[in-house]
Structures are given as C-alpha cells and as structure tokens.
Amino acid sequence: MQTDRLLAWILRIGATVAALMMLLILMFLLFESWPALTGLSLIRFVTDAAWHPLEGAYHLMPMLLATLLASSGALMLAVPLGLASAVFIVFFASPRLAAVYKRLIELLAGIPSVVFGFWGLTTLAPLINEWHPPGASLLTAVLVLTLMVLPMITLTAYTAFVAVPDALLRNAAALGLSRWGMIAGVALPAARNGIVAGIILAAARALGETMAVLMVAGNVVQYPESIFDPVRTLAANIALEMAYAMDDHRAVLFVSGLVLMVLVMVLSALAGLFERHRHA
Amino acid sequence: MSLHISADGYLRFYRTFISAVIAGLMVFSMTTAHAGTQRLTLTGSSTVAPLVNEIARRFEAQFPGVRIDVQTGGSSRGINDVRKGVADIGLVSRALKPGEEDLHAYTIALDGIGLIVHARNPVVSLDKQQVVDIFTGKITRWNAVGGDDARITVINKAEGRSTLELFLEYFQLKNSAIRPHVIIGDNAQGIKTITGNRNAIGYVSIGAAEYESRRGVPLRLLVLDGVASSVDNVRNGNFPLSRPLNLVTASAAQGLARQFITFAQSAQVHDLIEAQYFVPPDAD
Amino acid sequence: MNGNHDAFTLGPLETGPACCVPHPLIQVRNLSLQYDGKTALDTITLDIYQGCITALIGPSGCGKTSFLSTINRLTDLIPRCNVTGQILIGGQDIHHPNCDVQTLRRRIGMVFQKPVPFPLSIRRNLSLPLNEHGVTRKDEVAAIIEQVLYDVGLWDEVHDRLDASALSLSGGQQQRLCIARALALNPEILLMDEPCSALDPMASGVVEDLICRLQGRYTIVIVTHNLAQARRIANYAAFFWVRERAGQLVEFGRSQQIFESPRHELTAAYVNGSRG
Amino acid sequence: MPEIIIPVSVRQKIRDFSLQSLMYLAVLLVSAVFVWLLADLVQGGMAHLSWAFLTESPRDAGRAGGIASILVSTLLILLIALIAAVPLAWATAVLLAEFVPIDSRFGRIVRFSLYVLAGVPSIVFGLFGNAFFSIYLGLGFSILSGGLTLACMLLPILTSTAEAGMRAVPDAYRLSAAALGMTRTAALIHLIFPAATPALAAGLLIGIGRALAETAALLFTSGYVDRMPGSLLDSGRALALHIFDLSMNVPGGDMPAYAAALVLVSLLLGINSLAMMFAHGLQRRRILT
C-alpha cells in the first residue's frame, strides 16, 4: 500500500510536470512577446505600411493571408483526394490492394517535411518555373502542403468509415441502394464527425508547417496577385528571421508564434469536439 | 502462443536497453570530460563564416583541446548573439553602426558585394540606374538591358543581412521599394538560386561568388558602372561596394577569444583569406 | 484446446479438519453500497459460517457480485463507490484503518467468472503472487506450486510443462489454475463469482467437484446462477432480490431449507423457477 | 416534342460511373506522385550513396565527405529527447491509465494540456526551445537544448500511445492481481507493463520517427554545426537540418542532399514499418486473448 502511494505521488508529480509544459511554453511565448504586446499598439500589425522589421514596420497581414491561402488551398486539393482514397480503401479495393494502398499512404505520412520541401525545391519548383517563373510560389507551397496533409485526411477518414456499423451498410444495401448511394447516403453522414475532425487537424498541421513551405514558397512578403506569386507564411517568417531578430522585431516574431499557437489550439479544440461527438 | 516468454523477454529487453543507454552516455560524458575542451562559439555573417571556419581549423590544429564552432545567420545575428552571450564572437560583414558602440570590432579581411547572374545570361554589365530599375520593378524583362526576352527574377537578401544594408545604401534604395521574387538568406542560397534560374539576378559577397565560380558553379559577376566586380578591384580600392569583415565581441576580447582574434588578424592566415577571395586588411 | 483434460478425476484432497461449523467467520452488518450515489446494495446483514459453502443466488443485477467484492474490498478499486456498514472477519473490522488491504486479500482468495490466467507461464502465474507476499525461497515456492496444482487436479496434466504459457491451457484448466493461484496464498476464505458459468458442462463438472472437495478447509462464498449446482454443493444459501434497482437480502438459511421449504414467497417463486 | 426522360436508374448509373472514375483517378494520381517522389529520391540518392558516405564526416559544407558526424549528432539529440521524454510521458500515462479515474478533473486537465501540446507547430517549439533552453537556461546552441526541445514535442505522442496501450490491457488482470493481494505497483510491473509492451514500443517508434523528421524545432536550438560533436553542449546538426542546409544553402549540394534524404527516408520507413508491425501484433494479440 505504501509503495502504491509513493508511486502514485511520483506519477502525479510527473504528470503535473507534463501538463505544465504547455503552460510553460505559453508563458514563455507571452513573456517574449510582451514588449510587442505592450510597447507596440497591436493595430500596427494591420496598419503599418509593410513588413520591414528593421525599419520598424510590422505589417503581419500579408503573411497571415499567405498562411491562410496556402493552408486552404492545400485542403481544397487534399480533402477530395483524401476522401477518394479512403473510400477506395474501405469500399472498393480488394483486401490485398486496399492493404497495399493503405500502406502507401502510411508511408507517405512518414516522410519528413524537409524531404517534401527538398523534393518541391528540386523537382516541382523548376517545373513550375518553366511554366510561369519564378517557380517558388504559392502554388508550389500549396502542392507540397497537399502531399503532406493528404495522408492525415485519408487515414482519419478511413478510421471513421471503418467505424460505421456494418449493420447500417447491410440495411442500406438491403434497401437496394447502389454502392455510391450507400456511401453518399449512409456511410458519409455516419462518418462525418470523424472526417471533419481529421480535416481540422490537417488544417492545423498545414498552418504550422514551416520547413517545407520555407523551401518552396519564395518567401517574399506580399499579397499574392496570382498563385504564381511567391509568398511568405507566418511560420516560414519565424524560421527566416528568428536568427537575427532583436528587441521589438524578436518580440513580434514571438507574437506571430503566439498567433499560430492560438490558431492551432482553437482548431484542435474544435477537432476534439467533433471527435467526442463522433457517435452522437 | 508462447506470449509469456515474449512478455518476460520484453522486461529483459527494457533492462538491457536502459543500461546500454546509461552506459553509453556515461562513456560519452567521461571521454568529453577528460578531454577538457575549451570551446568558442562564433555566429553571424554567412560571408565571414567560410573564412572563419578555415581559420578555426588551423587554430585548432595549433592549439589542441580547443573547439571552435561556427554558425551562420547574418551579421545581425552575430551582433545579437554576442550581446545575449549565446556566442563568444560575432561575425559581422560590415563596419559597426551607430548604436553598436558597446561592441568591439576586429577587422580580419575586406570584401565587396557583386551582382551575379547565371553564366548563360548574355548580360555582362549594368549601370547604376539599370540596377535600380530592375530591383524596383521598373524593368521587368531582360531585353530592356540587352538580354534575352525573358522575365527577370529579382533575388533580394533577407533583412538583417549586412549585404542587403550595404546594397541599399549604395544604390540609395529603401528595402520597401524593392520588388523581389525570391528572398534569400545566406550567400550560398543566393548563388544556388541563381544557378537554378537562368533569368535571375542577385547580389552576394564577391569572395563567395568568386570562390564558387572558380569551382565551376555556373554564375557570372556583373561589371557595375564599368568596374569589374573582382577581388583585385576590392584590393586596390576601385570597387565602390566594399566593406570590412569583422569579428565582434561584447567586451574587449580576453583569453581564448583574444587569442583567436589575434591569430585571425595575423599574417599566418593570409593564404586562407586569399583562398576565399577576400583581401587581407593590411594589403591596401 | 480441447476439454478432454477436464474429464480427469480428482485425487483425494489432503485436508485438515474438514468440517462446517456454525461459527460465523464473516459477519456482515448493515452493509450498503452505492455506485455514483445510486444504491446497489441495501442494508445487508448476514453471517457466513466457517468452513461452509455459502451460495449467493438471485436474479441478475441483484448485487451478488458487488456483495462478493465488498468482502475483500475489491470495491476500493472502483471510483465513486461508497460502502457503509460493517464487515467483520474473525471479529475484525476490515474497514478499520489498521487493516492492511493486501494482507486482507491474501487471506481471502477470489475466483472470477471468466478464468483470468496472467499472460505468463503456468509456474509464474503461481509464483508471482507468492513472491509478492514475501515467499521467495525457490524450494518453498516449488513445493507450494506442486501442492496446489495437485489440490486442483492439474499436477498430472501440467507438471511436465510448467513453463508453457498459461494461455495454452483449456478453459477448465485455466479456471482450476486460477483456483490454484488463489489457494497458493493459503487463504481462509474463497470468494467465487460464478466460477463455472463460462465453462463447458464437462469442465464445469470438474470445477464443481473441486469446490466440493475444498469444503471444510476453506470458507467458501460462491455466486451462482445454477440453482441445481447451489443445491448440490452449498451448506447455506442466501437469496438476493432486486428492489428499485437495489439489491436486498431476502432470505438466508441452510440450503436444504432454502430450496425445500423457503419461508419467503419470493424465494419460493425463484427456486421453483417461476420468477427471475 | 417528346421530352427526353432519363430513367432514374440510368441517371444513377451515370452518377455512379463518374464518381467512380474520379475516385480511381484520385487514387492513381496519389500513387503516381508517391512513386514519382520515391523514384526521384532513389535515383538522385543512389549514385551518391556509399558506405563511405555513411562513415565519413562532411567536408566542404557537405559537398564532399559523408554524414557520419550528422548521424552521430542526430542520434545524440534523439537519445537526449527520449531520455527526457520517455520517463515523464510513461509516468503520466501510468497515472492516467491506472491511478486516476478516466473522468477525474486532474486527468482531464493533464489530457487536455497534452492534447493541445500535440497540435503546437514545431516552429513554436523551436521558439520556446530557443528562449527557454538556449537562452534562459544558458544551454546555448547545443545537442542538449535541441534534445530537450524535442522531448517537449514527443511528450504528447508518447503519453497518448502508452495510455491507450495500458487501457487496452483487460481489467480482469488488475482485479485478479488485486484479489491476490498484489499491490498496484506489483501488478503494473509484472502484468500491465509487459502486456502493454507492443503498444509502448509502437509509440516509442512513432516518437523516434517524429524526432528524426524534425527540422524546425532544431533550427534555433541545436544549431547546425556539422562537425562531430565532442560533448552534449556542442552544437550538432541533425540529419533533416543537413538536408535543408544542403538544398537551400549549398550550391552543388543537391547530390549529397538526395543521398541524405534517401538515408533519412529509409530510416523513417523502416521505423514506421516496425511500428506498424507492433501495432498490428497488438491487434492480433487482443483477438487471441
């Protein structure tokens, strides 16, 4: 009994430390962004002429917009592709083919972002450059991000589809629904919450992705006029400028980190909500 | 079916694994403790870094037990890290600015900033106004300056890079006026981008550009206002866009840092400076 | 696996004084139990006699299993489970702060409905609890293992493969191993929660036979849905009934009396098969 | 004029057919891109890959030589991360799975906090690591601060896999062990941990994969000195960061970058497969028992 109590206390301390990690990170981000949050008026992130930190201009909007554009573009491509892949695995492929394809998607999920970025840099960007210079662009970033979040969407949708009770599908089939009628009318609604949660998590991942985007997006701070224009995302900006940022500039970078973290926190809380109501 | 064996086996595996890890770490920390290494951390300009790396190797060879680590990130990082105490010596590829009087700078070499294009780009020279027009987006195609009929890809340096600051200063531009297509950090990244894009133009350290082009990298330094971007022109003071390469410390250098800086300023490393296509400071 | 092993007939038990004496070993006084504020057992008062087999019978959900787990305080493991009232074992209150729950559970063996062999070897299944209770001398452990395996009639079946996985045993063998595991700690009391219901009839018969042989040496409390079995093996029977979702003790007495001349009409209806 | 009426079944068939074609198209596209990517890596990397590449340290900014020192640094960063994260994560998992009720307030707070931590972008971990470990704790750019930053990243994934693994162990073991008078600690050591081992191993491997793939969090914590590290306080360049640096900053660095990427991807795919094997074994085993 005494060993149990001792162990419980040790574990409790460990768990507390683990839980406090989040708080510690948040605290440090806040602490480092404090000069910007108090010293600069926040409206300057919107009203300053441009992003020229060394000239004291901290216009964050183009980067925020680029971040949102790149992520939503990636989702627009990855959601249909991912759903199609999941439907294929669950409802169409032979067990053998399904296993092979699912394995392929899992392997894709295991490829590190730097390799995606490298591939985008050496293969995709030159191709797009042939078509419409400069190659490193919003489009390249969207394509690379698509590849990165696709496995996530596929695998969560797969899990959600598999969790749909067989009886439901058998009943639908007994009613004479075609396979697609069954998928669209029964399986998709039943798996909806799980799929949505997966998509939200993918969005969070895309928003926070740094290296791959940094390598292929061109990193010019601007409002893109076309998908061939280079852009810089918030995360890439941190990676680019963190090394030499000082004083206000450094604080602003921490603010953008904070913005990213809050965005992602909201998204994961939302995903958690959907996850919880999966069977409701 | 003999699951119990695997279960017991796992326990044994845990123990072996953990003891192996601990043993490994102990051996590792012991070897390093016995070495009694003295360490210098240098961070900053990517222009200075390759040179300092070479100097550091020679220094380490002469003073065993010393380890010198060099990381890039731009001159501003060098200043920043020195002030924060993260680095012992900062690498800064320009003179100290007003507001940086708290630091101590030691010049080890001179360098220039040259405009570069791909080796297959027919353009060989530009004047000051053409450069300004290209970088501010008034000229967008190469044929306007005697090149191919192709869109110009403008490569600009990221903020915090002294190469950018000098470039802006010389052409009397504001960074906000420049219309870039690609933003690069280190010199090497600029050179790499140029070699991957026939229609790009950028500017980097002359030393770095010469070093790479002599190694067969397909790039060309442009003639600016009739003056060739070359080490010779930097040496004889003809090239307008030149700058000192400095080692910077937070307080007057002492101990190992002092030793290293003295070494880097001595004639023992002139061959290294020449090999990187920079100019030793006392040569002019 | 096949059930043939279970047809093996048991050898005689080496016993101490095999007797069922009307001396209360466990005294349950006004025991109530709430899960999450909802009453599951309502003021049970009951004596369980030393060396006897007491069968707990009644419909599903009437709290028999809950009652069983209050005796060895397994209810401690269930969050928001609240036990009030008294249980005295040999006159000692098991909820007294000085009562060490590990020692208590050592004195009280428990056998569950589904056999739960640990995913370890047969030998380790028996030696692990022994080691935990401080029996570490190898020869001593080996002797106890042989003794208890012999007692439950497994020795001849498994003595040549003690290091095989316990999961490789048949269902009936697994259940007997679990009984042996409980016996190895030399308990005074055995709690059995429908020990035969997950087994096929053949294996069930072997285990029932075993329980009968344990009578006298141990005080046994057994939950069973099999009335015939209760009638065959029990000295005493307690009939539980569920009223407004709370289990209550309706009638307690010698099993002959409960089954042949029940005093309460619910008991009569239940044992005659018309209710429940 | 007779209206052209398409019967429902025909309309349905057209719809089904077009949906099905689109689906197959998507599947083909995804497979093709994957094969393209892998083929590129293999083709680009094989030529440069050799035994010497693995055993020599990089020279000339990585254009020549190999990746030996990079591998050592990567391994050390990984070790630090695991040594820091595994005990903490598993302790938390044990507490959550074995000691507090699933819906207790404490458990919920810890779980929520880790859930949020799991979503934090790696660059934000990098910011934190730089501010906390490198500057505040004064560890500078070192393998130690990089490893500790990674440890924070691994905490949620290690905890959740371990908790799930322990929850999957049947309650019957816990009850039986308790009924035999065993302490929880004893049950944990002798029964639950061994039974949960495949899940723990799978989680560990997933964590290792995550750590090996990480770049952004290491950029400002472990730094990118490409020399053989002499101590844990030296800066060391991780493999993923080496690929980044070669491809971004080194003219003529593409070939070694391909080779390094091939090494990293092979490593990760191997680890990934191993993790899947453990997870798969776990499923099969649950059916068996």
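Each chain gets a letter, A, B, C and D, in the order it is written, and its residues are counted from 1.
The criterion applied here is as follows: a contact is a pair of C-beta atoms (placed from the backbone, for glycine too) under 8 Å apart; a residue touches a chain by one contact, two chains touch by 3 or more.
These numbers come from a predicted model, not from an experiment.
Here the chain at the heart of the structure, going by C-alpha means, is D.
Relative to subunit C, the chain whose mean Cα position lies farthest away is B. Separating the centre of subunit A from that of subunit B, both taken as means of CA atoms, is a distance of 33 Å.
Subunit C and subunit D have centres, each the mean of its CA atoms, that are 48 Å apart. As a whole-number value, the distance joining the C-alpha centres of subunit A and subunit C reads 55 Å. Residues of subunit D found to touch two or more other chains are 183, 186, 194-195, 248, 288-289. Of all residues in subunit C, those that touch two or more other chains are 101-102, 118-120, 167.
Counting partner chains per residue, subunit A shows two or more touched chains at residues 1, 243. Here subunit A touches subunit D in the complex through residues 1, 3-4, 7-8, 10-12, 14-25, 28-29, 31-32, 80-81, 84-85, 87-88, 92, 101, 103-115, 117-119, 121-123, 147, 150, 178-181, 201, 204, 207-211, 215, 235, 238-239, 242-243, 253-254, 257, 260-261, 264-265, 267-269, 272, going by the rule given at the top. Contacts from subunit B toward subunit A in the complex involve residues 73-77, 79-80, 83, 150-151, 153, 156, 158-161, 174-176, 180-183, 185, 196-197, 199-200. Listing the residues of subunit C that touch subunit D in their complex gives 72, 74, 77, 79-80, 101-106, 108-110, 112, 114, 116, 118-120, 128-129, 132-133, 167, 178, 181-182, 185, 191.
Looking at the complex, you find that subunit D touches subunit C at residues 101, 104, 170, 172-183, 186, 190-191, 194-195, 288-289.
By the touch rule above, subunit D contacts subunit B in their complex via residues 61, 76, 79, 83, 134-135, 138, 140-141, 193-195, 197, 201, 223-225, 227, 230-235, 248-253, 285, 288-289.
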